[in-house]
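Shared between the two complexes below is subunit A, which has subunit B as its partner in the first and subunit C in the second.
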Partner chain A sequence: MATVAVEVVYRGIFQKTLARNIVRSIVFAARKEGKIGTAFGRYGDSPERNGIPAKQFAIVADDAEELEENLARYEASEVDVTINVDDTMCKGIESWAWYGLQPINELTKPGGTLIVTSRQEADDLVQDMHQKDSPYDLSIIRSTVSFSGLWVYKDDHTDVRILGNLCRVCPQLVSLDSMLEAIREQFDNETKVASARRAYDLANVRPVEPGEGNPETPFKFELPGWKEMEEGLVIKAIDEGTGFRGGEEGYQPVRNSVFKKFSTRSMRPIVNFETCIKCTLCWLQCPDTCFDVTPDGLYDANMESCCGCGVCEAVCPVPDCVTMINEQHFDDNSSQYEAWQADADGYKQWMTNLIDVQKQESRTHGFHHVGGYAEEIAESAQPGGDN
Partner chain B sequence: MTTVQELPQIRGVKNIPLVEGFTSGHRTCQGCESALVMRLMIKAAGPRTIVLGSTGCMYVANTTYYSTPWVVPWMHTQLGSSGSAATGTAAGLASMMRKGKMKEEPINVIAFCGDGGGVDMGLSAISAALQHDEYNLLILCYDNESYANTDIQVSGASPWGANSTFSPPGKEHRIMNKRWKKNMAPMLATGHPDCRYVATACGSYGLDFNNKIRRALTIGGPTFIHSIDPCPKGWDYDPKFSHELGMLAIETGLWVQYEIIDGELILNGPSRAIARGIRKRKPIEDYLLRQGRFAHLTPEDIKYFQERVDESWEEWWLPGVIPLKKNEEED
Partner chain C sequence: MTTTAQPALFQSGTEELISGSEAIAIACALADVDVITAYPIRPYDTVMQYVAKLKADGAFDCDFIVAESEHSQFEIVKHASAVGARTFCGSSGVGWFYAFEAITVTAGLRMPVVAMVGNRALDDPGAFGVEHNDAMAVRDLGWMLYWVATAQEALDAALLAYRVAEDPSVFLPMALSCDGSFLTHSQAIVNVPAAQQVQQYLPPYDRGRLQLHPDNPITVAPQVNEDWLMEIRRQADEAMRRSVGVIKEAYAELNEVFPSSSFQDQPSPFIEEYETEDADIVIVGMGTLALPVRVAIRRLREQGRKIGFLRVKFFRPFATEEIREALSRCKAVCVVDRDYSFGSPSYGGVLFNDLRSALYPLESRPHILNFIAGLGGREVHVNDVNEMVDITQKAVDTGKIDQETTWIGVRE
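So, the complex of A and B:
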């Protein structure tokens, strides 16, 4: 056997512990079979920021020499399995020390597997993912996307479900028995072992053909070398803003063109322009300077720069005027204000539908109060609970 | 002393300037209150401003490899040197103008530092800057109560009991950060009698924040503002609560909002209402139980925390501000 590499793509901080549990368990399981392995985070992602996509890797090899060969790299050039623990990242990821958008399947080998935790249908996810010229398999673990934080971990068994599934789709990595043994040793919890076994039994794959998926070319930037930089390494400031869409009225800031941040978003705000009372709070309290001010004094959240923190929804005094909606329901970053201007009734219908759907979904961004996670995982933290 | 800019107090939230000096495309966390503080700060100060930033999140996360969210001139300075950078820049500008190498005009100089750079490392340089009353400058400390950039190590501004990389609660020892938060603003106000303006602030109160920046930049001489910034990463909460947690810090009486203008203390907003007995302080558990960094606290710990806050309001000479008690026999 040669080297087997696995990457976990996750939301910074929110899923850091989840990713660590996955890559560590892989290495512990490999050691049970006399193999050697290592687990590590990508250097450029540290220090992590909430929500900004990051990566951790597990590399397993037969001997130390083979392993070292693979460790001399900043990031593996290809992996046998990509694990994506938040389905909204299927649209591509812009890491904070990376420039441009990286397709979620960029490193997935020809014939490799992409594992995603999601409640979406396979066909919908494939539409989001960028095209590749080689085939690979998509394996979906049916579960609610797991978010926690830096200090308190929401132990909803997502980690072991992924590990169980992984053993099935990538049998050359480690056997299920070794994995279950490693899980038992680490977590000392038989329910988690049972969850992993069940995920192994339920695992299925959907082949993705070459050329299937999103045809868009992801945006990229050229990084200047030091010889091209100005004297004293002076960086040009961002230009002053203009009126809305370059006009006389309203205001629209010029934005950083080399880091957009929208792939950080797993939910986005939608605005009801008709019930807005122009109180300014969403605009004023936005840490990301997202809102363009329209000539009529409304606030249009710019989707190229919104990172989906949800502060605008939290500060808005009008019910359902700003609502955070799961990012999976959107295909582009177009302006909501322009859509509303073009067809107010159509916009209203679209918005009302999305709000109704959102009210039936549970998607949270982390810690709300002491004891909250225990309530949330009451159902999911058991073998059949979340499938 | 050079002249200062015309920056009148802003009356009403609708009159806050639209122009942005700190724009999108920074690499901070979702819901980063410190990024909001940067944005509000430069909004109030306007385009004729030089900003100096000591190492911390607002340096590392904003200006990575050849990119920037700043519209105004910005320069990085070392972790402990926000005070020296501010004095040097203000002195440099004054000297260039005196020699006729630059057009005479008032230019705002603002140096920011985190709690690591300000409350810990940069304290002596800030103190020196506040003594040089011939220069107009503002030092803004954005305090997220830890070294958040490097993944949450304890600073002198971290609260008692908080979980951090340096104070992880264990089975034997639950409370690992046993230090009470440093009382930064009053230390600087009482220690520098000629400093005309020291204030505390919070980004959750946007208009108040803007006006404090403007007062600091127009009063003349060196000034200092200490801002409390909820940090979704280190405090461990859903980023949408950034605004609410800032308000809770004040409504529980843990953080006190005030300005000290020419030695005169003026409490603002909810803190004033609390001091006058118009408003009751919310229980501290409303604040603590919302944050993962306090998830390990027991009811006894929360009781202790509450007693410390009560003491600051009920027993201190200047309630909530200066931790001195009156000796009854001396009266």
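So, the complex of A and C:
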């Protein structure tokens, strides 16, 4: 067997324990088969920030020399399986360590598998994911986002469901029996063993063809050489006057290209410019200084900077004036203020619709209606994907 | 200082999936360390987190003091060591520097404190990646300095450290340097010896007549001037010289007591040689650099290139004789520094200049080239190693060195 590498892409802190359980279990299971392995986090993500994308890896090899080829690295160069435990990251991930935007499938080998926990349909997820020029498989595990993290550990079996699914889609890694044995030893819980076995049985894949998916070129930072880089650790601000078209046109949202940060969020705020009382609280409290002041004194959240923390929603004193919406509903980072200026009625309709949808959904803030839990459990027991 | 009951968790040997930092924390539990002080800074903080966990789990009974700064952190262990407590602490990057006054005094007073340095670039910028300059800063002060390459070695070296540092003929502090990320944040399979084996290996720390205790009235560290100081320095110098023999003995015994130690196939405690026997070019480096270098050497050997690697484990004491002996056979030496020393001879790194000075008395000296690589935690890849080997090979072929120090992997 050659070396097999698996990465887990997760939301920092909130899903840290989940990711850790997955990569450690892989190494333990491989150990049962006399193989050797390592588990490590991508150091650039550390110390993890709440909700900011992070990665952990498990690498398994037949012997120490083979494993050595993959050590002393931040990331594996390619992986047999990518596991994404929050489907909003299908749009790409951005570590706080200024790595730029990485497509979720960037490290997935040709012919490899991307496992995603999601309630979305495969076609919708494929649309979010950047195109690759080699084929791979998408395997969906029906689930809401699992927050089995550092502070709160929600033992919803997502870890073992993923491990069961993994043994099916990547049989060269370890056998199901070894995995079940490792799960039994670590968690001492037969229900978790049963969950893993069930996930193995339910696993299916949807092939993703070369060229399928989002055609955009992912955002990258320019990395200057030492001769061109400014000395003394200085970064120039954007030119004075930039950000204003001048005169009547006035306002134009803009951000320093080296300080952009946007794909880290799982939700984003939308603003009702008609009910805003211009109290400035969102502008004052936003930790990323996202709010641009418009010529008429309104506040437009700049989506090239927003990390999705939700502080603006929490501090806004006007009901439903700032509402956090699941990131999956947006395709770009364009200015809400400009959209509202161009077509106030259209904007209002779009916004009201999104707020309605959000109220039906159960992202991060728990279940939105009585019985939501029972529905999700039933759904989790179904095979994932379209086929 | 009362000795506590042996931790129940480690009654029998186990196999654990742990990082280098966690391995050191477990070594502290096995060594039954009395006083551990902590102050968080990445990547060292992974040790204090695991010590706290072991203590919370009831697996380790020690006084665990989270100080308000690194300076206090190191002051506390220094004092605890004076009263006869076995101590552990550590830091990284500028945190280590913030404690520097206490760090110099610890060696000056001959306190056998064991510290872990999670190697980290110095600020600014606040980068977390590995550079060796932080630990290197104590190289002249009487601290023994050991560079670790694997998680298993981290555990083994920590046990060795207590045995050597606390030997009454040494009584010097020892720092275990662990590359940030590659050791501190990477989990590997580690064999943990049984607590009983460790007890057998590690006698209790006995400070004897130097112990600060009501039953042994003494004054520690009176003010002295030029009429005393030179003798004090000479004593520390002699202790460092004596440590060489103590290290050899302690190392041999460690290998007897722990059959699963990483040292089993390494005859020397000071250096590790890999394929050096017939090598034309020997690469020299420290820490986890060993991993990509060994991979590169295996591939180069497949092409018939005679390349070897010498890993310096103890930087202090520096194994002058052994290193001379090992490098006298080759045509060229390629020293890789994960550190810098701006304005130094040849604008080279710290390891390079020490090594070159060690080889100077040799009758026939190999060419010595220096490469600065992997700063700030930048990965050193197999092709970087190949590049260094090729530049060195050119010096061998032409008989002359175009450039003594070359930066590898830097964007021009």
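Note that the second predicted complex is superposed on the first by the 327 of 387 C-alpha atoms of A that agree within 3 Å, B and C clash if a C-alpha of one lies under 4 Å from a C-alpha of the other, contacts with A are read in each partner's own complex, and residues count from 1 in each chain.
One rule holds in what follows: a residue touches a chain if its C-beta (ideal position, glycine included) is under 8 Å from a C-beta of that chain, and two chains touch if they have at least 3 such contacts.
Since this is a predicted model, take the numbers as computed values, not measurements.
Residue contacts after overlaying the shared chain place A:Trp96 against subunit B, while subunit C stays out of touching range. Looking at the shared chain after the overlay, A:Glu69 reaches subunit C, while subunit B stays out of its contact range. Contacts of A:Lys348 after superposition on the shared chain: neither subunit B nor subunit C is touched. In the superposition on chain A, A:Lys32 contacts neither subunit B nor subunit C. Once the two complexes are laid over each other on the shared chain, residue contacts for A:Leu223 go to subunit B and to subunit C alike.
Look at A:Pro47: by the touch rule set out above, it reaches both subunit B and subunit C.
Once the two complexes are laid over each other on the shared chain, residue contacts for A:Cys307 go to subunit B alone; subunit C is not touched.
Taken together, the two structures place residues 46-47, 223-224 of subunit A in contact with subunit B in one case and with subunit C in the other. Taken in their complex, subunit A has these residues touching subunit B: 12-13, 46-52, 96-97, 99, 149-152, 223-224, 229, 235-241, 250-251, 253-261, 264, 279-281, 284-290, 293, 302, 304-305, 307-311, 313-315, 324, 364-370.
On the subunit B side of its complex with subunit A, the touching residues are 13-14, 16, 18-20, 22-33, 35-36, 39-40, 47, 60-61, 63-74, 149-152, 163, 203-204, 206, 232-234, 236-244, 289-295.
Across the complex, subunit A is touched by residues 15, 17, 19, 42-43, 124-125, 128-129, 179-182, 185-189, 288-289, 291-292, 294-295, 298, 377, 379-380, 410-412 of subunit C.
Those residues of subunit A that touch subunit C in the shared complex are 24, 27-28, 31, 36-41, 43-44, 46-47, 65, 68-69, 71-74, 223-227, 233.
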